[in-house]
C-alpha cells in the first residue's frame, strides 16, 4: 500500500478536476466557481496555507485518468475534488483512492461506488445518481398519476434515470423512449406524447438537449401535460430556456431559495461574484470546500493521520446551504429532496424554487451493499 | 490461331451505339491499325479490349481463350497491355519506378512485405531496358511529373513494354510527339514488330501507313473497310469519311 | 500586340527558359516551333501568368502584364487552347462553351457550325467525349471568349486528318478576319502555308526566327532545329 | 396508427428541412469549390450567437435577423481572405487540418465572448402559435415557417448552381482553377463570393433555428457530422442530393426510432427487442449511409468520386 | 472532383527515406533516455504521460500506413483502438491477463472487423471513403456504448494491468513504458519495411494513379484491403497498451473525435513518412499538455498553431524540418 503523501511545509493542496472545455463547460465552471467562492471566503482552508490546482478533464475519461494521476503523483495533492460526469469519475476513482488520497465527488455519484465498490477514501457531497429521479417517481406516485411517459437519452445515465424513476413509481408506463445522445429535434417524440396524452411526462435531458426539449415542448402546445424532470430544468439551462421553462418541475436536493442562513449567504455572495444564479453544481462544490475546511480544522492541520482525517470528514461538521447534511455508511449524503419549479425571480433572473419536500433524510438504495461500517 | 480475336462486339452509351457489331483479329506479330474519325469509337473499343469497359455483347478471345469476363489486371497477366491516349502515369514516382512497377506486375507475387524493392536489380534492369527501348534511358531518375508532354508519351510506351505483352493496344501513341521524335518513335515500333502483336490507333497517317500490316476503318462504331494500307488508302469511302485531301496527297505520293 | 522580351522561367529549381524574345502583331500568325521538351508550353504558361516568370517582360498592347493573374492576361485579349485539352469534366459540352464566354463575333451558333460534332454531343459531360471531340471543344471554348490573339498549344493533336484540315482552314479564316494567332504544332508543313513568321526554340532559347519566305529559302532550318 | 405514421413522416420531412438548411452551405462549398470545411459548423454556431446577441440588443427577432446577414458576410469574408483562400489548391487533408484548427479557435473564442451557458432567442410573436392538425396533435407555426424558408433556399440554390453562369464557373473552377482563370475569369473573387454565400447560409440556418434549439458552444460540432452524412448520402456537389439526403436521414431516424422497436418486438421478446432497439437506434443513420454508399459508391446523385 | 486520394506528394526518394529513418532513430533514442531523465528531474510521473503518447504514436503511424501511403483516409480508426482496450477489459474479466494473449484477441477481432468493413468501404473513394469508415467506426462505438456489462459509456476500470507470462511486471510504470517503446520501435521497423517492399510500392502506386495500376496488372482492391487490415491490427495493439496505461477502458477511446485526432496527428506530422506520424503524435499531445498547463483557453492557441502550420508548412512538421534543412537529404 502506498504511503499517503505527506503534507509538506504545512501547505494544504487541493486538486479540482472539472470539465471546463467543450459543450458541457458551463457545469464545470459552476462547480469550480462554487468551490473557489468558499475557498476565497475562508482564505486559509482549515487554517492552512492552501494551494488549489484546477485541471480540465475535457470530458475525456482517458485524459482525466492521467490528470488525476498527475495531481496525485506529481503534485501530491491531499484532496481531489470533482468531477461532473460519471464516466470521468469511473476513470479517476482508482488512480486517486488507491494512493490514499481523498476523492470528493461534487456531482457524479454512481451506484457501484455507493454499493459494493464503496471506498473509505471516497466522499460524495452531491447524491447518488438515482435519487433525483426517485424524487420525481415518488412525486408522480403522490399525485396519483396512472400513466406516465418516460424519455431519456440512450446512454448509461439515461437508462439509470428511468430505472430510478420506476423505483418509486408503481403506475403504468405510457411509453418509454430512448432518444439519441445530443438529439436536436424532439418533434417525433413530442408527437408521440401528444398522441398518448399521458398524465405526465418524466424526462432526463441534461444540457443542450434539455434546452431544445423545453423550448419545443411549449411550442408543440403540450404545456397542459405536467413536465417532470431531473437535471433538465436547472440554473445552467434556465438562462437559455427562460420563459419556456416556467412552471416545469424537477427533483433536487436543494434550491436557491431554501430558507436558511447558510443558503442565503451562499446564493447572495455567488450572484454578487459571478452574476448568475448558482445551481446544484456550484452548491455541492461549495460544500466540498466547507467539508475539507471542517475536517482539516478538526485534525488540526495534521494530514498524515489519515484515519483521523477520514473520521473528521465523515462527521460533516459544517453548515450546508441545503440544511441537514450527513454522510451515510457509504460516504454518500443522507439528505432531503425537494420538488422544484422553474420561476422568474424578482430581479429578473431565472432559477428553480423549492415547492415541496418529497424525501426527508433520504438514504440511497445501495448503501446496504457497502461493506464499510 | 489469331492472337486476338474479337467477335461481334457491341457497346452503347444510352441511345448512342459506340461499338456496333465489331469483329476483327490481330495475328501473331502483326500490326493492325485502326483509323477513323474523331468520336468513331476507337478508344471505347480499346477500353473494352483491355477490360476497362464491359461490352454489351460479343466475345473477346486471346490466344483462343475467352477473356470477355476477365478484369483488367487479369488480362494484363495474360499478356494484353495497353497505353493510354491521355497520359496516365504515376506522377510522384520516378520514371524508373514507373516502369519497374510494370515489371513487378509480371514477375512474382507482390504480396511480399519485407524485402526492400528499391534495390531489386531484377526489376530495375528490366525497367531500364524498357526505358532505353522507349528512348527515355537518360531520364530514369527524374520524377515523372516533371517530364514534358512528349516525354510522357514515351513513358507510356515504356510502361506498356515492361509488362512484356503478347498483344499491345496502342491508343494514339504519337499524339504530341513531333518531328524527328516521331520518326524515331515509328522506327522503334517497327523494331518491335514480330516480337508481339499490336493494335494501333493513330491519326498520324505517316505512321499508320509506315507501320501497319492491315488497316481497319471505324466510322460511327462500325468497321467500314479492312485491308492493306494501299487498299484502304485508295478506298473512296475512306477518303470521304476520314482521310480527306491528306489521303489524296499520300496516294499520289 | 503581344510582346515578350527576355523571358526566363523555371519549375522550382530546374530552369527551363533562358531569355525568350518573341512578338505577335495584330492580325499576324506566328508559330512557335521546337522539339519535345524544349520549352514551348512553358513559354505559353509564362505568357499567361500560369507560371510566374523569373525575369523578362510580357506586354499586351503595351501594358505590362508580366506575372499578372491569368484572368488579367485573358481579359487583355488573349485566348488559350491549352496543351492536353483541359476540358471541364463536370460541365456539359454546351456549358463548357458558355461558362467563360464573352460577347463578340464568336457565338454558340458559329462554334456549332464549325464543329457540328459538338452540337450533336452538347448534353454530354466533358469527359464523355472522344479525345478529338475534346480538342474541338477546347478550341471552341477559347474562341467563345472572343480573343484578339488566340494561342493554340498542340491544338490538332489527336484530330483526324479531315478535321485537322478543317482547323487549318478555320485558322486561315480567323487570320482573314484580322485575328492574331500564336500556334504551336508539329505539322510544320501545314503551318508554313499560312503563317507569317516562325520562331524556333531549343533548350529554352530562341535559336532561329524569320518569315515564311526565310524558311522556304533556307530549307536546312527545319533539318537543323526540327529534324523533319 | 396510420395517423401517427403520417404525422411522423411529416416530422421527419420537417427535421430533414432543418438539416438541409444547415447542409446547404456545406454542399455549396464542399461540393462545388471542393473545400472540406469543418468550420461550417462554426459558421452555423456563429449565426446563432449573433442572432442571440442582436436579439438581446434590439429586442426584436426581425431586426436581429436583418443584422445577422451583414454580420455573416463579414465573418465569411474574413475567414475566406485570411485562411480558406490559401487552401483551395491544397489537399483535402490540409483543409481538414486547417479548418479543424479553426473550429478549436472559434469554439474557444465564443466561450470567451459569450461564456459557457447556453443562450436564448425568443420566438417572434406572429410565429409563436400552433395550428391544430389531427386530433390532439398540433403543429408549431414557426416550424412551418422554417419549412418554407428551407424550400426557398433549396430552390434558389438549385437554380444558382445548375442554371446560371456562376454555377457553371464554380463547377469548372472546382476541377481546374488555372484553366478558368486563363479563360478570363477572376476565379479568386468568384470563390470568395461563393464562400461568403455559403457562410451566410450557415449563419442564416443558425439564426433561424436559434428559437427552437439550444444556442451553445457544442451546437456546431453536433450537427457537423450529420451534415456531412447528408451531403455524402446525396452525392457531393448535388443540391438535389443534399435535399433528399437530409429528408431521408431525418425520416429514417424519426420512423426508425418510433417504429423500429415495434418491428423488433414482433421478432424478438420484449427485453431483447428493447436492448436491440437501443443498440441499433443511434446507428441507424450510419447504417443508412453505409448501405447507400455500398449500393452507390458516390451517393445518390454524385457523379464523381 | 479530386478526391483525398490525390495526395500531391512525391513518393519518398531513397535519400529522404534514409534521413527519415535517422530522425526516427534519434526520436527513439530520446524516448529511451526519458525515464532516467525524468527520475533525475524528480518527475517520474512524466513517464506515464509519455507512455500514453507512445501508444498514440503507434496508432498514428499505423494510420499513416494507409493514409499516407495508400490514400485511404480512415475516419473510423479509433474503433480499432477501442477493440484493443476492450480486449484487455473483457479478456481480463474472464481471467485472461496475459498481454500477448490479449493482443492476439485484439488483433483477431480487429482483423475480422477490418476485413469486412474494409471490403465494403473500398467500394468507395475519397470523401465517401472517409464517411463510410466513419459510419463503421460509429457503429462499433455505439455497440460498446450499449454494452452495459462493461459499464456502457461510463466505462470500466481495470483491476490490474496485463501480465507477461504470468508476471505482473507491467504494474511498474517504467516497465510498461519500455514495453510500449519496444512495440513502437518494432512496429516502426515493420512498417518501414512494408513501405519499402514490393507490396508497399504497389500500395503507393495505387495512391498515385489507380487506373494505371490496373492497366499494368495490379488489382487494387486486394492490396488496399490487406494494408487496411494490417493498419487496423497495429492500431489495436496501441489500444491494448493504452488500456494498460489508463487502467481504464471506455467507448470514449473510440469516438469519432479520437479518429479525427489520429488524422490530425498524422497530417500535422506530415503524411506518408511514418516518422512524421510519430512526431505528429508526440508534438500534438505535448502541445496539448503544455498549452493546457499554460491557460484554460489552450484550444485557441492549439487551433492557431494548426492553422498556421497548414498555411506556412504544407507538409506538416516534416515539411518544416525539411525547410530548415535539418532533414534535407544530402545528395
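We call the chains A, B, C, D and E, going by the order they appear; numbering starts again at 1 in every chain.
FYI, a residue touches a chain if its C-beta (ideal position, glycine included) is under 8 Å from a C-beta of that chain, and two chains touch if they have at least 3 such contacts.
Here the structure is a predicted model, which is why all the values come from computation and not from measurement.
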Which number of steps is the smallest that gets you from chain A over to chain B via touching chains? 2
Which chain's mean C-alpha position is the greatest distance from chain B's? A
Write down the chain pair with more C-beta contact pairs when C-D is set against B-E. B-E
At the largest C-alpha centroid distance from chain C we find chain A
Chain B to chain D: how many Å between their CA centres? 48
Rounded to the nearest whole Å, what is the centre-to-centre distance of chain B and chain C, using the mean of the C-alpha atoms as each centre? 28
Once you find the CA centre of chain A and the CA centre of chain D, what distance in Å lies between them? 34
Using the average of all C-alpha atoms in each chain as its centre, how far is it in Å between chain A and chain C? 75
Could you list which residues of chain D touch at least two other chains? 107-108, 111, 174-175, 237, 278, 282, 304
Chain E residues touching 2+ other chains are 1, 8, 145-146, 299
What are the residues of chain B that contact at least two other chains? none
Every chain pair in contact, whichever chains are involved: A-D, A-E, B-C, B-E, C-D, D-E
Across the complex, what residues on chain D touch chain A? 3-4, 7-8, 11-12, 14-15, 18, 107-108, 111, 115-120, 122-123, 128, 130, 135-138, 140, 142-143, 211-219, 221-223, 253-254, 257-258, 277-278, 281-282
Interfacial residue positions of chain C with respect to chain D in the complex: 48, 50, 69-71, 73-75, 79-80, 82, 86, 88-91, 95-96, 98-100, 102, 125, 141-142, 145
Which of the residues in chain E come into contact with chain A in the complex? 43-45, 48-49, 52, 145-146, 148, 151-157, 242, 246-248, 250, 252-253, 292, 296, 299
Taking the complex as given, what residues does chain B use to touch chain C? 13, 35-44, 85-87, 146-151, 172, 175-183, 203, 205, 241-247
Under the touch definition given earlier, write down the residues of chain D that touch chain E in their complex. 30-31, 34, 36, 83, 86-87, 90-94, 96-98, 100-109, 111-112, 174-175, 225, 228-229, 232, 236-237, 275, 278-279, 282-283, 286-287, 289-290, 293-294, 297-299, 302, 304-305
